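Structure first, then comments.
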Amino acid sequence: MADLSVQIKNLVFRNPVTLASGTCGFGEEMTPFINPDLLGGLFVKGLTIRNREGNPYPRMAETASGMLNAIGLQNKGVDYFIQDILPRIRHYQTHIIPNINGSTVKEYIQVAEKLADLDRIPAIELNISCPNVKAGGMEFGITCPSAFAVTEAIRKVYPKVLIVKLSPNVTHITEIAKAVEDAGADAVSLINTLLGMAINADTRKPVLSTVTGGLSGPAIKPVALRMVWQVYRSVGIPVIGIGGIMNALDAIEFMLAGASVVQVGTASFIDPTVSLKVIQGIEDYLNIHHISRLRDLTGGLITD
Amino acid sequence: MADLSVQIKNLVFRNPVTLASGTCGFGEEMTPFINPDLLGGLFVKGLTIRNREGNPYPRMAETASGMLNAIGLQNKGVDYFIQDILPRIRHYQTHIIPNINGSTVKEYIQVAEKLADLDRIPAIELNISCPNVKAGGMEFGITCPSAFAVTEAIRKVYPKVLIVKLSPNVTHITEIAKAVEDAGADAVSLINTLLGMAINADTRKPVLSTVTGGLSGPAIKPVALRMVWQVYRSVGIPVIGIGGIMNALDAIEFMLAGASVVQVGTASFIDPTVSLKVIQGIEDYLNIHHISRLRDLTGGLITD
Amino acid sequence: MANKVVAQLIVQEITPLAADHFLMRFHSDTGLLPVDAGNFAQLATGDPPAVFLRRPFSIFDADTALSMITFYIKVVGKGTAQLTGQKPGTRLTGLYPLGNSFTIPTNARNALIIAGGSGVAPFLLLSRKLKKQGTHVTFLIGAKNREELVLTDVFQEYGDVETSTEDGSEGFKGLVTEHPILSRKGQLFDQVYSCGPVPMMKAVSRWALKNDIPCELSLENTMACGYGVCLSCVTGTTEGNRCVCTEGPVFNHKLLTWQT
Amino acid sequence: MANKVVAQLIVQEITPLAADHFLMRFHSDTGLLPVDAGNFAQLATGDPPAVFLRRPFSIFDADTALSMITFYIKVVGKGTAQLTGQKPGTRLTGLYPLGNSFTIPTNARNALIIAGGSGVAPFLLLSRKLKKQGTHVTFLIGAKNREELVLTDVFQEYGDVETSTEDGSEGFKGLVTEHPILSRKGQLFDQVYSCGPVPMMKAVSRWALKNDIPCELSLENTMACGYGVCLSCVTGTTEGNRCVCTEGPVFNHKLLTWQT
């Protein structure tokens, strides 16, 4: 049987298929449908230092082959996660990776510090790309100095695997990636959502309460693939590929473009079991193509 | 009957529905299907100073609700357009607006100068956003100084209506828009294609000969709407909305977001008569909503 | 957590009730999970679907023994148009059973169910339960006109049916919430349930508050996932934002802050 | 320019020829435009389509009097799978007639048609014309195996049919371009036509060059529009890039630089 394991720094994933933050809750919501132990990892819902109610309803707009969301990081705060949620999910035989957020560098640090010593948390994903919050969020991720600064600050307080999640809403994604690499990130994950908007022509109003929101789903896959490929060739750290993955071939494409690990996001809304199908499909692909180790595919795009 | 006319500077369009550059040839290719006289205008295929063969095949990749192209501005040069094509299309009772391109500011100037005195050409669209050429193209459109410089240079030699077409592949679209407004543009058109990529998992090769290409179609509409809305609120000149318009409601959405004129692009590939349906649908919308002048809709998004 | 599945559902019969109103019965060849009154399903509208996301519909009727499940669907857009245009034999997938269910006080003697538009959908399963435990049910069903006043015959088997139409073509002329039954017999009801347009449910809630009658509302917020992971579907409650898909769709009206 | 339309086509009959090979006949209730041998259509594969763009298919047969048009379709992906899965009665749209057509030298006495895989599609209309003017036609049809060697009976009505299969299950064993007919009778043909995989057509072109026989190839480049506006479908020619959808799909082989 083909070897599906992949590695980021010292962290081994049994397979490269993980669930994207904000699209799998804390894993519990998935258990009526799938066994989370079969996944490479769970990037759980974005956490902040304090409880956040998120943005007012409506927060979602369907688009062609995609959707906009403006959740605004609704969560009960990192302490609630540690005290109430983690005990319920800590037995999952998969990596639980929190996605951390803040409106100031200080808030990011506070969240990271609280997660640093937890034995079941081997890594964090630093989200500097949320387009749906007024303060912080994407602002950190769209200039090199701010991306560098927040990554460096977290690096100082967080010794385990540090993944930085990049915003696609920038002119030069590779420069941001290099900045966070220089600041000590162990990996980059991309892409977060593209900033978009939906209008109801009949009411003449924006569909979202926040007017703009983040676009996800297959619509953005071509942009995501391009950015993964560009970043893979510009940095020395592993890349986690995200954006519109709906099936195994999509995941393979991201790996060929340079991803070591992939995250399945919006696809789970339509089929909560899709991540397991992606794993199975990757296995089938490897068998058909006589590839014994999946990780050999990473960056294997043939260009001449 | 509702008044569908819209205006950019001194140029009156009988209706706001035009065809996007690179998606309607020189209008002639459309005539087996539609009467171009019924359109608001024709943005004809991108011109350069000399003949260009464009990029090697394959130049197109289908994606979810969209497509990537890497045509690379194939055209026979501006002189051929003036001598061979224009005489054949000059009788169309609609505005013929060439889309001009160059690898250097000098080339842009040369093309603009040749078009400046032609009586049937009331405007040009300065394309500083083509992602599919090695030199020039998008490079001009992704920084404020270069966008300013090329626009200013053309403004000096081109007295008629000057429309500048913006690239969406930037962090701050409003800053680029303001730069070209400051440099003397009479209008901005947006968006050109998003830079993307497609991979064939079976062959492990990029689908496009150029690896990356420009994403168009309904997939990009949310991003386009957002940018039109942002730019409309930042500049004083009219905005031309482009990106994934497939039907009349899409066009109305762009107008609510701030567009005075819209361009239909990729949709024509699937239905070459779609632009006429958009015009009819806009008329129906105005009647249903008891709006007598279409131009009153521009920027009419209700936010509170 | 309770089991939920991505079920294969085979279209068995589509019964038009009025223009744009349909009952759609599906059969499952792998068996049905038990469902509760108030539960809903997230259906794919076709293969390929005309819309990106699934569409939520209350479970109108279900027979686990016969592996049949029925939805009442009103066509309002692309997804419902595609779904109701399917042919018998077509296989679609559906996530179910989703959401919570109505509470049924065992001591309730007189229940009032107020439904507007497609809001009747969740109430067949509920009234069957109510009838079984001996609660008397009064239905107050409102619609635009006589044509759109559907399924009243079905509900008649479970209690008294009062109707209203906006154009007066049947029953009381006016909004369902202005129906005289509400002023005449208000004090007789000891439980109210409602589903329909938000303004209607707000009026029902005010009426129930005033008359101090326990009231449950079934909300229809737009949804992406339907099982609690995307947080799209929230409604404001006195305890903060709550997901309509997992903590609802049924809410005690006192909990809602009606931000939507 | 010649008229082209977005036609309403009603699926009339789908005839399976082999696994994944179908003849698909459509009827038009608004009349058909005249079509020429070599023309193609851009078909929607369903409503809603499973793929974003239309799909190009050669016109296999057409009867303007009866308003019928037939395509030969091989399933290779999502679009062809959806299209061939449609039911009779389904309405689809198609842009047609698109592209140029084969030239038919009036003095041609012996024509050779070499087709591989789904490359037989454009040749029924052509051979009908050739037969009519008295040109003798030899068909050389290659496929993977006997199963996939379809429609040979249809072509037999218009000339001699020679076959080859890669696995030798019928006719000559090997590639179609290695068929002995090409070495035996090369000098007898005064016109060659070919359609099929690019490597096959390259070999045909080399053979025709060597034997100095006029040769036309029908290309199948991927297309977005199909009517000349997108410039996706170009092939390199001695006169620069040319659109396969308007200046082709049929090209004199000497014009091609075979960059694709």
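Read from first to last, the chains carry the letters A, B, C and D; within each, the first residue is number 1.
By our rule, contacts are C-beta pairs under 8 Å (C-beta built on N, C-alpha and C of every residue); 3 or more make two chains touch, one makes a residue touch a chain.
Keep in mind that this is a model prediction, so the values were computed, not measured.
Identification of common neighbours of subunit C and subunit D yields an empty set.
Traced through touching neighbours, the fewest hops from subunit B to subunit C number 2.
Ranked by how far their CA centres sit from the centre of subunit C, the chains are topped by D.
Centre-to-centre, using mean CA coordinates, subunit A is 34 Å away from subunit B. Between the CA-based centres of subunit A and subunit C the separation comes to 36 Å, rounded to the whole angstrom.
The mean-CA centres of subunit A and subunit D are about 47 angstrom from one another, to the nearest whole unit. Residue positions 63-66, 217 of subunit A are each in touch with at least two other chains.
None of the residues of subunit D touches two or more other chains. Taken as a contact graph, the chains are arranged in a single closed ring, with each chain touching exactly two others.
Every pair of chains meeting the touch criterion is listed here: A-B, A-C, B-D, C-D.
On the side of subunit C, the complex with subunit A involves touching residues 1-6, 44, 51-54, 93, 95, 221-236, 240-241, 246, 259-260. Interface residues of subunit C facing subunit D in the complex, by the touch rule stated above, are 46, 48-50, 82. Within the complex formed with subunit D, the subunit B residues making contact are 22-25, 28-33, 45, 51, 53-54, 56-60, 62-67, 69, 71, 74, 217, 266, 268-273.
Across the complex, subunit B meets subunit A through its residues 61, 63-66, 68, 142-143, 169-171, 194-199, 201, 203-206, 211-212, 215, 217-223, 225-226, 229, 244, 249, 252-253, 256-257, 285, 300-303.
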